[in-house]
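You will see chain A twice below: alongside chain B first, and alongside chain C after that.
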Partner chain A sequence: MSTATQRLILRMADDELILAHRHSEWTGMGPLLEEDIAFSSIAQDKLGHAQALYQILHDQFEAPVPDAQAFGRNEATFTCCQFVELPNGEYDFSLVRHFLFDTAEYLRYGMLAKSTVEPLAKLARKVHGELKYHLYHAQTWIIQLSSQGTEESKARMQTALNEAWPYALGMFDPKDDDAALSADGVFPGEQALEDAWRASVADICAKATLVVPTDTAAMLGGRKGFHTEYLQPMLDEMTEVYRIDPSAEW
Partner chain B sequence: MTRTDVLEALTHVMDPEIPTLSLVDMGVITGVTVAEDGSVRVTMTPTFVGCPAIDVMRSEAEAAVRALGVEKVTVEVNFDEPWTTNRLTEHGRQMLLKHGLAPPEPFDTTVELHLDVLNNTACPYCGSRNTTMKSPFGPTLCRSLHYCNACQQAFEGFKPV
Partner chain C sequence: MATIISLDPRVTRLSIEADAPAEQVITPEMDQFQTYEVFHQPKSGAHHVHVGSVHAPTPELALLLAKEQYARRGQTHNLWVVSTAHVITMSSGDADVFETTPEKKYRDVAAYMVRNKVDAFKKAQNTQGEEHQS
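Right after this comes the complex of A and B.
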């Protein structure tokens, strides 16, 4: 029987792992060298965060070792939101997802820095400093390609934002654990995070002259193991080497 | 065997990605204790959580302490004391320069870091501050890319975190 704290750490870790893999798909494919390096670096950071979170689950909650959690599970046991598993699409979509996700992630770790779960608080304090660079990168490009861009680039950013929005809202699912997490001082809750995220996203969108999309139904299900058609093929590829010999020492 | 002996040994263990910089100068060693039975415990912390070099650094640190004749060595990696670039020693900053990397600007960790500090980073080749930050991400997680308008040379910096 998992606790609210375990579920929180697992969904954070799964989100980080899957998005890290998506970002890494830009390695060698970026539209310009600096962006190729940026997405690869961000992927590497996220992978490190995922590993540290799986390590906390292993140390504190008797979960398997990080590698087994990352590579030894099937789709139905992954609790990532559907947002992170969507294919990269064009660069505009990847940038918008990076912006929306990292804004939430930055705020999330900021909140967790005060968590009563000590290993999580320590990790959060460390990660928060790193994420500043992700956020800075995302915001720079969002503004550059929108208010400072061409008509075409701005239109593409707006379209990507509209498409990403319902999936992005799925990052703040589920909210049923909010009361328990907040009462124990673990985390203020997904609703509190979503509120802070909306304010921050609106601020940057205003600078970018992008219109914050009207809310439509959030794309939910990922947290319960219901995923898009894109996750399992990605897992197959990601775990291919591990599955040849799970006990191999590297 | 004293704490000083252990620290001295660790000044000879170099960052695998920046061979002029020792673990001690980098500030990743957060604690060294020598117990009464002679066993040694070292704690260290990564520059970035996802730093791929940390395992190599950990095992090299352990080997360096063992080479002193210590039988029982534990090297633990944790985030108890998070690394920031302010932990670099003055000697470490000189060693970065020697490697052609701009040392990070020291900053006040109690206030939110503004990334404007990355602009006008002093060029490691000519010292000019007439430089432009090209990208906050470089060849390793801890570096950023810059261009010096004075000597027209691209360079890398160790980014402040």
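Right after this comes the complex of A and C.
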């Protein structure tokens, strides 16, 4: 039986892994050389976060080694939210997802820097600068392509934001563990994070002259292993080499 | 119509026609971002050294992109970006203004025969040191 802390770390790790892979699909195909390199570097950072989180699960909670957790699991055991599985689409959607996810990620790690789970707090403090850059990257592009962009670029940003919104709300699922996590000083909870995220996103949207979408039902299910049709093909591709010889030393 | 099958599944998914005529697309000249020169400072107080350039639509984005191109490895304290258009330079045809004539060797440090004086000075210092010790 997993604890609330284990579930928290696993969903964070799965989100980071799957989004890292999606981001890395832009490598070599980005809209301009400099941005291709920057986005690929951000993808690598996310993969690093996933590895560090799987390592904590391995060290503290007897989970398998990070590689086995990342590449040796079935789709139904992944607890990533559906938001991170969605295909990249065009660069507008990828940027908006990067912005919405990284705003939450920055705030989440900020909260975790004071966690009573010491390895988690240590990791949160270690990656602070990295996350700050990711957020700065995302915010700068969003504003550039919206309030400072052309009519077309702004319309694309708004459309991508509207499409992403119900999935983005799924990042803050589930809230059942909030009370337990908060009582133990592990994490203030998904609700507290969502509140902070909404304030931060609204602030940047105001600067970008984007309209914060009206809430529709959040796309849930990912945390319970119910995924979109896009996750399985992605896992097949991501784990192809690993599955040839799971015991290989790299 | 056959499409390109690549070892990279991402390329295969693009459904690119295999036998499409190779048309050269010439981008309009102004359809490019401007460039910014990047200066890297390894630590506080050190000189900013020119390391290259980046394409970007604004100075903010130039700084943002320069960070990943030139500061993702090794030690960095800060970066400068300067619009290439703001760099004042000689035209390449004027490179001859930097040529010096052989007759002006007296302007070069190497032209001064100070080596002997330096050696003599060092020797004197050493001798003094020995005297103090004795």
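Here is the rule we use: the second predicted complex is superposed on the first by the 250 of 250 C-alpha atoms of A that agree within 3 Å, B and C clash if a C-alpha of one lies under 4 Å from a C-alpha of the other, contacts with A are read in each partner's own complex, and residues count from 1 in each chain.
To be clear about the criterion, a residue touches a chain if its C-beta (ideal position, glycine included) is under 8 Å from a C-beta of that chain, and two chains touch if they have at least 3 such contacts.
Keep in mind the model is a prediction, meaning the values are calculated, not measured.
**Student:** Chain A superposed: clash or fit between chain B and chain C?
**Tutor:** By the criteria stated at the top, chain C and chain B clash after superposition.
**Student:** Touching A:52, do we find chain B (first), chain C (second), both, or neither?
**Tutor:** first
**Student:** Looking at A:41 after the superposition, I want to know if it touches chain B, chain C, both of them or none. Which is it: first, second, both, neither?
**Tutor:** both
**Student:** May I ask you to decide whether A:148 touches chain B, chain C, both, or neither, giving the answer as first, second, both or neither?
**Tutor:** The answer is second: A:148 touches chain C but not chain B.
**Student:** Which partner does A:122 reach: the first (chain B), the second (chain C), both, or neither?
**Tutor:** It touches chain B, and chain C stays clear.
**Student:** Hey, is it chain B or chain C that touches more of chain A?
**Tutor:** Here the partner covering more residues of chain A is B.
**Student:** With both complexes overlaid on chain A, does A:203 touch chain B (first), chain C (second), both or neither?
**Tutor:** Touch status of A:203: no partner.
**Student:** Classify the contacts of A:130 with the two partner chains as first (chain B alone), second (chain C alone), both, or neither.
**Tutor:** First partner only, chain B.
**Student:** Residue overlap on chain A between the chain B contact set and the chain C contact set?
**Tutor:** The answer is residues 34, 37-38, 41, 133, 136-137 of chain A.
**Student:** With touch defined as at the start, can you tell me which chain C residues reach chain A in the complex?
**Tutor:** So the residues of chain C touching chain A come out as 9-10, 33, 54-58, 60-61, 64-65, 67-69, 72.
**Student:** Under the stated contact criterion, what part of chain B meets chain A in this complex?
**Tutor:** By the definition above, chain B touches chain A via 45, 48-52, 78-80, 82-84, 113, 115, 134-139, 141, 145, 159, 161.
**Student:** With touch defined as at the start, can you tell me which chain A residues reach chain B in the complex?
**Tutor:** 34, 37-38, 40-42, 44-49, 51-52, 119, 122-123, 125-127, 129-130, 132-133, 136-137
**Student:** Spell out the residues on chain A that touch chain C in their complex, using ranges where they run on.
**Tutor:** 25, 29, 32-35, 37-38, 41, 133, 136-137, 140-141, 144, 148, 237
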